[in-house]
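Residue numbering begins at 1 within each chain, and the chains themselves are lettered A, B, C and D in the order written.
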Amino acid sequence: MSVNEEFRPKIVAFCCNWCSYAGADLAGSSRLAYPADVKIIRVPCSCRVNPMFILRAFEKGADGVILCGCHPGDCHYSTGNYYARRRMTLLFSMLDFMGVENGRTRVEWVSAAEGVKFSTVMNDFVEKIRSLGENVRLGDLRCKN
Amino acid sequence: MNFSYYPGCTLRNKAKELDAYARASAEALGFALQELTDWQCCGGVYPLGTDEIATKLASVRALAQARDNGQDLVTLCSACHHVLKRVNDDMRNNADIRTRANNYMMLDTPYAGETKVLHFLEVIRDVIGFEELKKKVVNPLTGRKIGAYYGCLLLRPGKVMAFDDPENPKLLEDFIRALGAEPVVYPYRNECCGGYISLKEPQMAENMCSNIHKNAAGFGAECLITACPLCRYNLNKAENNLPVYYFTELLAEALGVKEAALK
Amino acid sequence: MSTQNKAKLVREISGTNPSKCMKCGKCSATCPSFDEMDIKPHQFVSYVQKGDIEALANSKSLWKCLSCFACVERCPRDVQPGRIIDAARQIVVRQRGGNYLTADEIPALLDEELPQQLLVSAYRRYKR
Amino acid sequence: MQRIGVFVCHCGSNIAATVDVHKVVELARLEPGVVHAEDYQYMCSEAGQAKIGAAIKEHQLTGLVVCSCSPRMHEATFRKCAQKYGLNPYMVEIANIREHCSWIHKDMQEATEKAVILARAAIAKVNLNTPLQAGESRVTKRALVIGGGIAGIQTALDIADAGYEVDIVEKTPSIGGRMSQLDKTFPTLDCSACILTPKMVDAAGHEKIKIYTYSEVEKVSGFVGDFTVDIRKKARSVDADKCTGCGVCQEKCPSKKTLSEFNRGLGTRSAIYTPFAQAIPNVPVIDRDACIKFKTGKCGVCEKVCQAGAINYAQQDEIITEKYGAIVVATGFDTIKLDKYDEYAYSQSKDVITSLELERVMNAAGPTKGHLERLSDGKAPKEIVFIQCVGSRCSDDRGKPYCSKICCMYTAKHAMLIRDKYPDVNVTVFYIDVRTPGKNFDEFYRRAVEEYGVNYIKGQVGKVAPQPDGSLLVQGVDLLDNKQIKMKADMVVLATAIEPNQGVRNIATMLTASIDTNNFLTEAHPKLRPVESPTAGVFLSGVCQGPKDIPETVSQAGAAAVKVIGLLAKDKLTTNPCTAKADELLCNGCSNCAKVCPYGAITYETCLVNDHGIREERRIAKVNNALCQGCGACTVTCPSGAMDLQGFSNKQLLAEVDAICR
């Protein structure tokens, strides 16, 4: 599909409750806009995100998935984000192999104080997904209209 | 040890000795300056406008040639150094300027700031080392009280030039010490000499330079050294001035190659 | 060109953001040419903000700035007044007849010692 | 099948101005499980909650979705509300349509579409919610305060006065902190030591307070109500029980050339030292880097002169492990390094000093015995220039982007004190803005100008140039006169930006407390929970949270103490019921989950299992609900899918993903 202005991607953002979800709240209370294409799912920690969730998102038609957690060393549960980082490295490389480009998946560390960063990251990610266009891999054809 | 070398227009002309002393000193210190084959004038001042591309191309050409030679690029004149380092920084960090400059140049390999630009003084500090320089000195300049004059172009903007602390530099003082002389630290050593203003407003430059001389003399300097022909020209025009030398002249003297250099 | 467009052009050429200025005056405190300038360095910013590029373009300050970057180095807000005044200068010299230095003037300005560098620098700053 | 009620909040116009709330209601009604939907102006208000209650009764709701502000704001409110009307509180989910929607989008259609999708996700999740029961955990009735400055001391005193035990850990040899270095305080000009030392004495003498000086927190584990902390008591080389504080050792110590930290490097101290005369405890420490005995093995003068026999060269660091229910961070601040601001010649002239250094110069116990003199030649200055905002309000990487808040006031204080004591000295202050929001603050600054004749100039200084005659040439600007000023001064004082103390990042990491890019600790809510960290059981006191003056610090210290007391007053805490749980039929006992658990909450038991009629003994993971904090690391690591997290189960999260991607 060619990139066009009308393309509105579906983007799922998993945010840990302690840092990134709070960072998103701060972006909100500071009125720092980012596209409505991003929908946030709250998880207790980035390590709660099962690769299965991300595969399912792509299967159901997501065009990009981003996982946000506390900065390394600052995880509320001490080590959760380290697990997430390792798991996602593997998963993303497998997804890339399967044709879901690396640009469609991302891990970012956003602290509770980084509203600006949250908004910047989301703007950037959406722009990236828009440039990549619709995701055609992994989609469950039965889900198509 | 070999470096690509960019002399610049003034060193081919009014400041021949700055160049000659440097080449002789380099040899004495064990490195060679290999002049780029067809360099062009850098323009003297860095074109500040973000949309000025053509005026930056001479620098890009020199930088790309050094890259192709696989060498770091050494300069002597403060102005050339300033322009080359800043254009190099643009080529490395400013995607817009990089793209547009490369579109003009049509190089075999596009240039993206790969070359390391070094001032002759940085070579002495970072590659040779002041300890090593001290060992090579045969005529120590004992007893001489020398004020280092940095001017603006070597130091600012500090983040891009990354030459020394722009407000309290030490490089030339360490250099003077290594030659066996006594550095005189004075606060106006990083104040502007007036630069190109001296062409149309000589009085302004003269006032600035006399303040610099007065300040340096007040702290006990007997002479000044500089790396820039324009600074030297402006400083020399001021009344009651201290003698102003190129740093390479004192270097050649201390290394015992001064006489030979001008032959 | 409209005044608004000129102000926009100054922002573009200089690559700076005058809105970052907090009016501390450190640029004017720093500038070695302060006394020679009619519009002072800290005012460059407000002239661009007001969109009064005309006044800036007609000011003496254009030709008194030394591009010594002391204001750029010391500005706590990264506004870079030196780049702003250069952009205004560019707008002037890029217009026909806007040159501050012409070839005819040069012979009278020369002397024995004058380095080439001075001529090329002045040419770059003063002339299209 | 659940019977779900959806409640859409207008939040005044905060949501309703951007999101078509009626449309959200209308479309939510179509979702599976939804039997009721309505909107209201303020759902969190009493009337709003009553509406929820009425709907629960009328429609026999089993689950609630509230489309409103962030769950971090009102999840607890709506859970309580559900409970009040007989519903399990964990049957409530929040769709965040304010912070994540109405506040960041402008286009109504776009925002409404997104709000509907967020509501759908929450509805899909509630469909799979199950009632959860919160457990209980114990509370250790003792608090730890990290930092022994005025913030830490005040917090500790307030907690102790309420009858709870408090330990203070202070890394320097004495409590007192920055305030002990100050000469006078604004806006009353009372003597800092006179108001601080009684508090230090109170803390030291309080039966509920234990003070560990020359000590640092090394390790923290556990959670709210039940922290375990390792404290490293650094070797003092002096036996505190025997030392009488006579001071002879300090007098006789032959190594006297170490720069005094207390005097900001302007004076020297001996190798065995107490930082200042009123130090608490009044027990010296041996600085082993400076001590001749430790460096060469020869000397031992202090041991010889100590009548009490308190010197102990062989003393080792000691690790103390203690349990605490709550931890207060009160680590304070320091001034920034000025090496990137040498246009002010700080490193080039002894007569250019920071304001904190001036405090020491003005102090009777300071390096000049309180005489105002130039540190280069001891001469009395006639002309003093103060420069404001040095390193504050900078957007470049040299300084700090924030206003340090205290500088305007202490500069007015310094100017006034100098003019009062030395009327022949001229004082000039270069300022950008004078910021005086505080009780009696502006009046104070005006007194400096009107009564004491301090010369305030609006404008910054560009350069300070030391002159051959020893004076300082100050080049500044007067923006109101539009003139550049070049004036000679004998001394220049820099109002240097403040920053959180070194090491606070390390402490934040140990506590898993959030910290911002400027190294200030983040509060749980900037307005409503200013003294709590988002990490339960961790509280903030003083400048570690943001720049503050003394009265503000003391108020915040008290507020933090109240929060701690509120926590320690409880015998039990309800724990988060969103804990992990293993399905015994799926678990294969592989131990992977136990390996990733940061709390050691998973153990294995051999159980008799009935797997579709096959009864056998199996090794099965068991989660200790009191220890599990619900991070979910185990759920992902489990190869057989046996481990799940209650409240954030695989099915619930997948349902959310499905709803969003629909």
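Simple rule for what comes next: contacts are C-beta pairs under 8 Å (C-beta built on N, C-alpha and C of every residue); 3 or more make two chains touch, one makes a residue touch a chain.
Only a predicted model underlies this, so the values are computations on that prediction, with no experimental measurement involved.
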Contact tally winner between B-D and B-C is B-C
Note: subunit C sits from subunit A at a C-alpha centroid distance in Å of 46
Per the C-alpha centroid definition, the whole-Å distance linking subunit B and subunit C comes out as 24
Among all residues of subunit A, those touching at least two other chains are none
Expected list for subunit D, residues touching two or more other chains, is 343, 463
Among subunit B residues, those touching two or more other chains are 167
Listing every touching pair of chains gives A-D, B-C, B-D, C-D
Residue positions on subunit A within touch of subunit D in the complex are 10, 12, 17-19, 21-22, 24-25, 27-29, 31-34, 36, 39-45, 47-53, 56-57, 60-62, 70, 73-80, 83, 87, 111-114, 119
Residue set of subunit D touching subunit C in the complex reads 343, 389, 393-396, 398-399, 432, 458-463, 475-477, 479, 482, 484-485
Note: in the complex, subunit D contacts subunit B through residues 339, 341-343, 345, 347-348, 463, 465-469, 473
Residue set of subunit C touching subunit B in the complex reads 12-15, 32-33, 36, 63-64, 66-70, 72-73, 82-83, 86-87, 90, 100-101, 109, 113-126
Subunit A partner, complex, touching residues on subunit D are 70-73, 96, 98-101, 103-107, 110-111, 113-114, 117-118, 121, 508-509, 512, 514-517, 522, 534-535, 578, 596, 598, 629-633, 635-637, 645, 648, 650, 653-654, 656-658, 660-662
